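One chain, chain A, appears in both complexes that follow, with chain B as partner in the first and chain C in the second.
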Partner chain A sequence: MKTDQTKVLIKKMQSVIALILIFIVASVICVQDGKNVFLDARNLMNVLRAVSENGIIAIGMTMILILGDIDLSVGSVVGLVSTGCAALMVWNGLGFIPAVLASLLIGAAFGFFNGICITKLKLQAFIVTLASMNIARGLARFWANGVGIPLTYGKGEGLAPPQFEVLQMRINGLIPVPAIIFLILLLIFHFIMTRTRFGRQLYAIGGNRQASYLAGINVDRIKLFTFMLCSMLASVAAMIHAAQISQGGPNEGSGYELNAVAACAIGGTSLAGGKGTMLGTLIGALILGMLDNVLGLKGVNSNLQLMVKGFLIIIAVFMQAERKE
Partner chain B sequence: MSEVVVKMEGISKSFAGIKALDHVQIELCKGEVHALMGENGAGKSTLMKIMTGVYTKDEGFMYLRDEINGEMRQIEIKSPLMAQKLGLSMVFQELNLLENMNIGENIFIGREPVGTATMIDKKVLNEKAKKELEKVKLDINPSTSVSSLSCGQKQCVEIAKALSFDARVVVFDEPTASLSETESRTLFEIIRELRNKGVCIVYISHRMEEVFELSDRITVFRNGTYIDTVETSKVSEADLIKMMIGRDLEEGKKKGSAYINKQKTVLSVRNVTIFPNSSPISFELHEKEILGFFGLVGAGRTELSRAIFGIDPIGEGEIYIQGSKVHINCPRDAMDVGIGLVPEDRKGLGLILGMSIKDNMLLSKLGQLKSRILNKKVLKEITGTYIDDLGIVLRDENQEVKELSGGNQQKVVIAKWLAMTPDILILDEPTRGIDVGAKSEIYTLMRKLTEAGKSIIMISSEMAEIQKVSDRVIVMHEGNITGELSIEEATKNSIMQAAFGGIKA
Partner chain C sequence: MREKKKMDLGSLRELLLIGVVIILCIIWTIMNPQFISMNNVTNILRQGSYTAIAAVGMTMVIIIGEIDLSAGSLICASGLVGAMVCKSTNNVVLAVSAALLVGVVVGGSNGVLCAVGKLPGFIATLASMTVLRGLAYIITGGNSVVWTNEAFTKIGTGYVGIVPIPVIIMLVVIIFGVFLTSKLRFGRYIYAVGGNMEASRWSGIAVVKVKIIVYMIMGVLTSIAGLIVVTRLGSGQPSAGQNFEMDCITAAVVGGTSMSGGRGKIIGTVVGVLLLTVLTNGMTLVGINTYWQQVFKGIIIVVSVLADTHTKKN
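Moving on to the complex of A and B:
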């Protein structure tokens, strides 16, 4: 019995164990000229910063996957919103707060569109978001005439409000603001998933949609709301991304949806719905980010990096799969 | 006794450290109907799944009579296909047909006759399938899609599939659970014919009458252990129950209907049309009453409950709660006026199998909570109360609900509805697939609930249950109400007459 419990515990904690293992290995192999380039505070903060965009998107994706759906449009929404908020600030002279609100609104609108197609037209999430992925990308390129909109900060025409630059700053020159935003959002959504009615209903719908409906849960409304949340989280990531690269680019964010799904899957979220946690997603995102960082530090060819990441996903999901005897 | 075909002894099997079978044995003979009985979780299905290669045993030996030299030899079954090739087949409780394929393709899946260039020879396939279908008296074109068949017909296809392997042993797991009376009759005929041809039938069922009608011998399991094998003709129903539960069954004594408040109508349903061609029906439910709905499969009882609960549109029909008209368009509306529904399909509609017991129990309560943020202490009080009140046997309330036995799962579903304190509870087949002990507990619970002021509509296809539990019986036939009987009038005869449409038998 005891060994069974230990086994269960190990299974539960294996993504944490994997994270620690990667951390240890990274700490050992990244010593150059007697200096540990991985364990360097600034480098670790870089990992956090790099993780935050994917992490924020993955928060939304986790909820969508728990519902048993998928949202393929988030990457394109990143492209659209980063373009949109840059255009609104630079071309239309919008201030910081209005630009942020407008960005969130664009995200919400896309989520609403996805949600309505899925709940009211009864289409599959995969197809709907595949379509809206193209719609968002097309709209972004149309808006910006296909080119990036550079962000130069200052007051006056053609300049972005200086407050926006905060999104790419570091507190005390060390802790990146995006990482703080990511961690705060993660905590909020962790609370939502574990301690609120809404969270409980998400798990219920993903576990058995029909039974949830019979238990009086308004399945359609919750799905709609979740798709809106997911796209809004993608918008947050989009603004951070625009600030990080100092421009709004219509071609940015491609493939982000799959990175987010990967983080969720590594963190133990089931694509079949009903199972998954925010903390798992955090671990998943950290594993991906750390791996990128280490491979980068070791100067591994970027194409090889991609392959390593691919295999890692397979291994992680294989280890998590509930296997029957 | 004729010759033994299969012998299993000392068989043990554990799932995640829990012993499902503990050194059990069974002997199956040629040309017998061998009933396998026991409460849910007794290990009947597990043993048969080991025999047919679905599970592998942890311990024990299995012997099979060699068809050529007639000697018993030890054998290890490694896969369902291997078992089938050896003539050991099982017709599952949940039918395992591929809905998107036709009958012939289903029967010969994986063994399709091939013609030139390894193309499937459809003509040969259909001819062969037709022959198999004749054996089960199913006169349907083999190229018919399986999805268009009724439950009974699907079962026949399953049987035909089993027989197409020249089955020597066919296991039926609760075969009549989803069959109508006539379909069950046909099934029994097929079973008898198979027996006469020398096939051994293993018949797993909770239904006493069927077991006594069909079987030659009965083997009883209890909690994963072997109790005894007896000849059916030499045993009484009471003896069997005693063997299964290890004690005498406390009969939930019929308390009479003294406390029912006939003056007060809590629910009145008017002019609801169930099927396009049936006439509108109306009925009333009194306070503290258990109103039984009897009917054969397809009588429209489940449809009625779905209409009342707002799952399906109610059309011209009207619903009055405590005398005032209500509009119910979705389950949420029904819950708001105090109606709860325990659906027939426990696993598909009643529970979220991958969720914890605790979370399942709180599901319908969620909408009633004032705060959107959950207070763990309050929730724990609620679940604790119902776990105690209903006597749910569990290891831990965070345990996944799929690990529970059928009876305990049903209690969780009932607890889920009690948690939102409804006045009216609709129970659709509340004891389907539940063992004898848990059944009587559920009956006692229903009594307790009505005494406490709730009113219950119980839909059931089990005559004994209807007679034992209801205060009043409504009988339906093809979407119409064909009889309304007080409990004194509700004899087996009068109920059956009404169930067949009121034609004098």
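Moving on to the complex of A and C:
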């Protein structure tokens, strides 16, 4: 009986265990000239910074997956919003706050479009978001004429507001601002998912849509709202991305949707809906980010990295499939 | 009586789509008479051929209730293997069989992961998509692969009479797909498993086997498409076929295949491919900005799926 409980506990914690294992292996193998390049504070902060963009998108994706839907458009929304906010600031001279609000609005608009098509027109999320993925990417390229818009900070014509640069800064020269934004958002959404009615309703809809509807949950409104949240989170990631690379590029963000799904899946979110946690997604994103970092530090070919990632996703989801039985 | 009505609605949908294609053709011809020239028509058919070939397989995968995201990477990988074998052995038969073998192996492993490993098809094929793409870059070192054998090049560029060889291959594949899904017991199994997997299992269908075979068919058809793409391009590129899977899925869905499985027709998919190809070809001929083309493509998807849900409701 006791061993059964331990087994269940081990299964439940397997992604945490995997994270710890990768951490330990990384700390051991990354010693160069008697110095540990992985455990270096600056490197660890790099991992966090790299994780934060994918992590922020994955927060939204987790909610969508819990609903039993999927959002393929987030990557293109990242491209559109990073282009859009750069264009608005550099070409149209918008200030920091208006630019941020406009960016969030673009995201919300796409989420609204996705949500309306899915709830009111009863289309499948996969198709709707596949379509809006095309639409957003096309709009982004049209807006910027296919090329990136470089961001230089300062006051005056053609310069982005200096406040925007904060998004790529580090506090005390160490802790990256994006990571702080990510962790704050994660805490907020963890709270929402575990402590609020909205969170419970999401799980309910994902678990059994019909029953939730009959139980008086306004399924359509919640779906619509969740899709808007997801696209707005993608907009936040887009602004961070634009600040990080000092450029708003219409081709940025391609493949981000799959990275986000991968983080969720590794973290234990079920693609069939009704199951998943924010903390799991955090761990999934950390595993992916840490792996990227270690493979990069060891100078592993970036194409080999792709393969390793692919195998990792299979293993992770396979372990969960067993857990269900 | 009821059965008959349903069938009418089904073919109505394809007729509707063909109507849209014809209207599009008329519009493009008015805007640019070049559109209807022999040259451009063969061009459209050739452009559509490899998408149609893989989309036939994708339709079966979707009908069975799964998805294959690895098609784009497999197009690239199978083409590369074909090109490399042709380069080193100068033997077309060997090159083609090697490419098809890649398709069988990749499709089979997708199927095994999905049916035996109980992974969602989305995840299993997402993983094989990244693995294959990575492999393609590793084995080529990022360089393109060229060959000298003329006969191999003919697969994508040759003609029989005035008909391009890819178009002939496409027709064979379409006939195979239609026959398989509508006339054979195996085809009915595909619909049954997609409609209700549990019920199919209880009624004695070897669900695992059916799934694996469907994924294998998908793999083989994709590698045929890969051979056409690579021989048309004239060289194997490790970056080829990106987002190709989305084109196949789009064509299937535009053609009336339901993403939740159990419903769909090969002919619908073929019309879907035709619609998308005519759309892109015409937009380019008329000189619509490529950025806008993407936007229109997205809108077309939503509108056509919308039409689908409404024919269903009636």
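Here is the rule we go by: the second predicted complex is superposed on the first by the 321 of 325 C-alpha atoms of A that agree within 3 Å, B and C clash if a C-alpha of one lies under 4 Å from a C-alpha of the other, contacts with A are read in each partner's own complex, and residues count from 1 in each chain.
The working rule: contacts are C-beta pairs under 8 Å (C-beta built on N, C-alpha and C of every residue); 3 or more make two chains touch, one makes a residue touch a chain.
Only a predicted model underlies this, so the values are computations on that prediction, with no experimental measurement involved.
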{"item": "First, second, both or neither for A:K35, with chain B first and chain C second", "value": "neither"}
{"item": "Which of chain B and chain C A:G146 touches, first, second, both or neither", "value": "second"}
{"item": "Partner chain in contact with A:A131 - chain B first, chain C second, else both or neither", "value": "second"}
{"item": "Larger contact residue set on chain A - chain B or chain C", "value": "C"}
{"item": "Overlap of the chain B and chain C footprints on chain A, listed as residue numbers", "value": "none"}
{"item": "Residues of chain C touching chain A in the complex", "value": "67, 113, 117-120, 122-124, 126-131, 133-138, 246, 249-250, 253, 258-260, 289-299, 301-302, 305-306, 309"}
{"item": "Sites on chain B touched by chain A in the complex", "value": "15-17, 55-56, 309, 311, 330-332, 335, 341, 343, 348-355, 359, 362-364, 366-367, 369, 372-374, 376, 416, 420"}
{"item": "Chain C-facing residues of chain A, complex", "value": "70, 117, 121-124, 126-128, 130-135, 137-139, 141-142, 146, 258, 261-262, 265, 271-272, 301, 303-307, 309-311, 313-314, 317-318, 321"}
{"item": "Contact set on chain A toward chain B in their complex", "value": "1, 4, 195-198, 200-201, 203-204, 207-208, 210-218, 274-275, 325"}
